[in-house]
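Which chain is which? They are A, B, C and D, in the order written, and residues in each are numbered from 1.
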């Protein structure tokens, strides 16, 4: 992955998140406070502007900058979580113009770790971790199995989607939805859904 | 009219007003503040209690007492208006157990005068005067024409009803409905409607 | 209907019981149904009594206390109080120097207070009445009951109350109350109707994109229905109506009241105040003081009113004087 | 959606502009988006900074001023502020004696304030964090994000703010804030959902005879849905939950906050206060002070919360100390 692909991914993610603002908001209204869509739109609108305005020399830089932008713009629970994830992802990449598949695997692990360290969620808590975790595992396994980036990204997106959909049945144990207790079951988690959108964007821009 | 008939009339009026609370409230909600039904119910509930608890020796006394009760219990615009009307009506009746048809005509005139003196409304202002005025005139004309109480009361009730219905077309110029300007047209006046109920009660209790 | 009530018929009495429990510095007469300062009557002090239908809280009961009202007579919801009640309150707070009745201009309020004033006069109490009629949405003509009393009531009660507190005479207190009223104009918008406990449903229906312009504080519809517009535009229209009714030159000083009608969040009221400040700055009108919040309400109506009062130095001084009531407090 | 706004995206910024125009005693930084006392930083004084999503006004911006907060960081509606904003406010009011962050226990608030505290520490500012988690509708277990911060935030900010004002040290101010939180419990009901400007429609639908019990202040549904019941019964259930969580013996003293969530008329809040007073009197619990009104709101939600704080003499003394903010004022 080079700077051009990184920015293409992030632009596609921004487009997807912004396009699905209302959907994300609706999911969050059901079991949260109805701002996830607007939070993500605000953050990714700023991300798109930053991508336009900045000349990057290293691929890691791109993600560090994007993470910082999300922390500074999103607020709520998702801002620090996504922001830290992207920062950790960027920091884990090697310096220079591009990163290899193995680097991406390591960076994804670092990002996931940042999220769980900060938010304390474990799988099954009905959070974005339930899409993020399976996506990282699927990506890693695909790479181990010899897949290229397009295939690994497609697998990650599929796993994220499955993970997001599977949150519907869960009872939340972290974040705002946990206040609803058992009433949180029956609704798909908004953060898991936006995580899916972000992995889907990577699959889209790398698809052959 | 003797004390027994007077109390019978007022009890019937109380019954009618209380039964139509919601209807009166609905009319007042359209062009006023939606309390006329509840105001009248509160007042006439107290009137019924007073009639139960008091031994009257003169017919005029009954109405003076009822008027005072309405003033003390109703509030709003209708309290002082109806209260003063009943007080003036009672005060205009001769002392003693009963009053004749001519006395009733004079007392009705006195009551109407009390209302117009206090409220300043003239016919066509879309107030209870638009039911009250025609009722008094019809009663008077019937008596002049040689009718007995049942017939005069029936005529008064008819005239009050016609007057009340005719307020629908009018634009209010007095009371709360006047704030709506031309938007007050198209709705029947609540006060005129309760006046009609009171005259109808007299027709009912005197009907042969 | 969903409200925090028991029997709808008991709302006013039970709310008064709560007021009494919450404010030991007030005396609530549950039988006669009035709220008075616990230290009333204060010999030699002109007393201020106001009242009107309930549902406008904190007006009037919440404005009883040092520097404002001596007593308030709450009627049933949106229904003016009755003469007996007003007489009882008037007698309870009369300190021998006369009583000022502050009356909002509604037919019912005017008639009931007039009867009470006559009864009080029979008992040797001199009553002066200050009529408040600041709502410029209603034309003041023989074709209406005259302008309604709305937001300016707070200013009249605060400023006249301050003069009474510092020893003003009956005629002076009434005079400044009338002056404040004459210098005030208000205009209101409603986004939704209010629901009285007795009626149990909203007074009128409003489509999701329409508002009522020129409403009062009794849940009645306004002068006209219009499409919702940005706050900026609504503020300009309201200020146009207000300034047309009470022309105010550049350099003149005003107190501004941006008043919520009950269900409008403070965040919107402050946004609107910002728009008011912008428009008045353009016109060179100086905002000397301001108040933003829910003060003269209409139960759970979503809406707001804007009141401008052109003030003299004396009015400003009295506005700044200490006041200690449940609904308005400063300087103490 | 009907609201007094212009572009929904600008609501918070425009409301802050209105707040700045209305209160010259506050300084609003429109770029960094915080509200501070105009006289901050005050050398040697421990500074209090709070913040959280907007839509809870007067909390927190309306509690900035002498005797309470030094600064508040409003986030977008119902969205916690971001670290940069909190750092900017923290730096702006730090008088060298350290800063207390008062943080309501929501995942987003906690994480953003934690990041800000770390950044501030890098700049040599000592930050103590007081977490508020008084809402007993949520169980405090590893199966939830812990109890939410609601009404008690006002008490923490008032009492800790008073101690800071009179010269309390960082550790002392933080300690009394934590003590107040530990002594507090709240429970809320919603009759309707709130509508954020961004969403434009209510967060959830409630049938005409149902309410949500155990709601927070972010428009989310509560712990359970139930049929509307008389106020008497709702108050008893709420107090049962509160007193079970924080057992309070006869003879103990409490401050009571009956807090409207936005669209509940004061007349209902007072009625409810009356019921609270009745129940506590039965149990022999003494109400030392009380506050009835809209203080910690959820936009236009019809609903209310009840907070009880068991108080020591020291807490009462600090509660009574002068406070001068847009939303709370006495003694000055």
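Descriptive notes on the structure:
Simple rule for what comes next: contacts are C-beta pairs under 8 Å (C-beta built on N, C-alpha and C of every residue); 3 or more make two chains touch, one makes a residue touch a chain.
Source: prediction; values computed, not measured.
With respect to chain B, maximal separation of chain centres occurs for A (centres as means of Cα atoms).
Work out the mean CA point of chain C and of chain D, and you get 29 Å between them. Per-chain Cα centroids separate chain A from chain C by 54 Å. Inter-chain centre distance (chain A to chain B, centres taken as mean C-alpha positions): 74 Å.
Averaged C-alpha coordinates give centres for chain A and chain D that are 32 Å from one another. In chain B, no position touches at least two other chains. Looking at chain D, residues 77 sit in touch with two or more other chains. Taken as a graph of touching chains, this assembly forms an open line, each chain in contact only with its neighbours along the path.
The complete set of chain-chain contacts reads A-D, B-C, C-D.
Partner chain A is touched in their complex by these residues of chain D: 53, 75-84, 106-108, 111-112, 115, 137-139, 142-145, 148, 196, 198-199, 203-204, 216, 218-221, 223-224.
Chain B meets chain C in the complex at residues 25, 29-35, 38-39, 42, 71-81, 118-119, 173-176, 178-181, 183.
Chain contact summary for the complex, chain C toward chain D: residues 1-7, 11-12, 14-22, 54-55, 57-58, 62, 77, 189, 191-192, 206, 208-209, 211, 228, 230-232, 234, 262-275, 277, 290, 292, 294, 297, 299-300, 302, 304, 326, 329-332.
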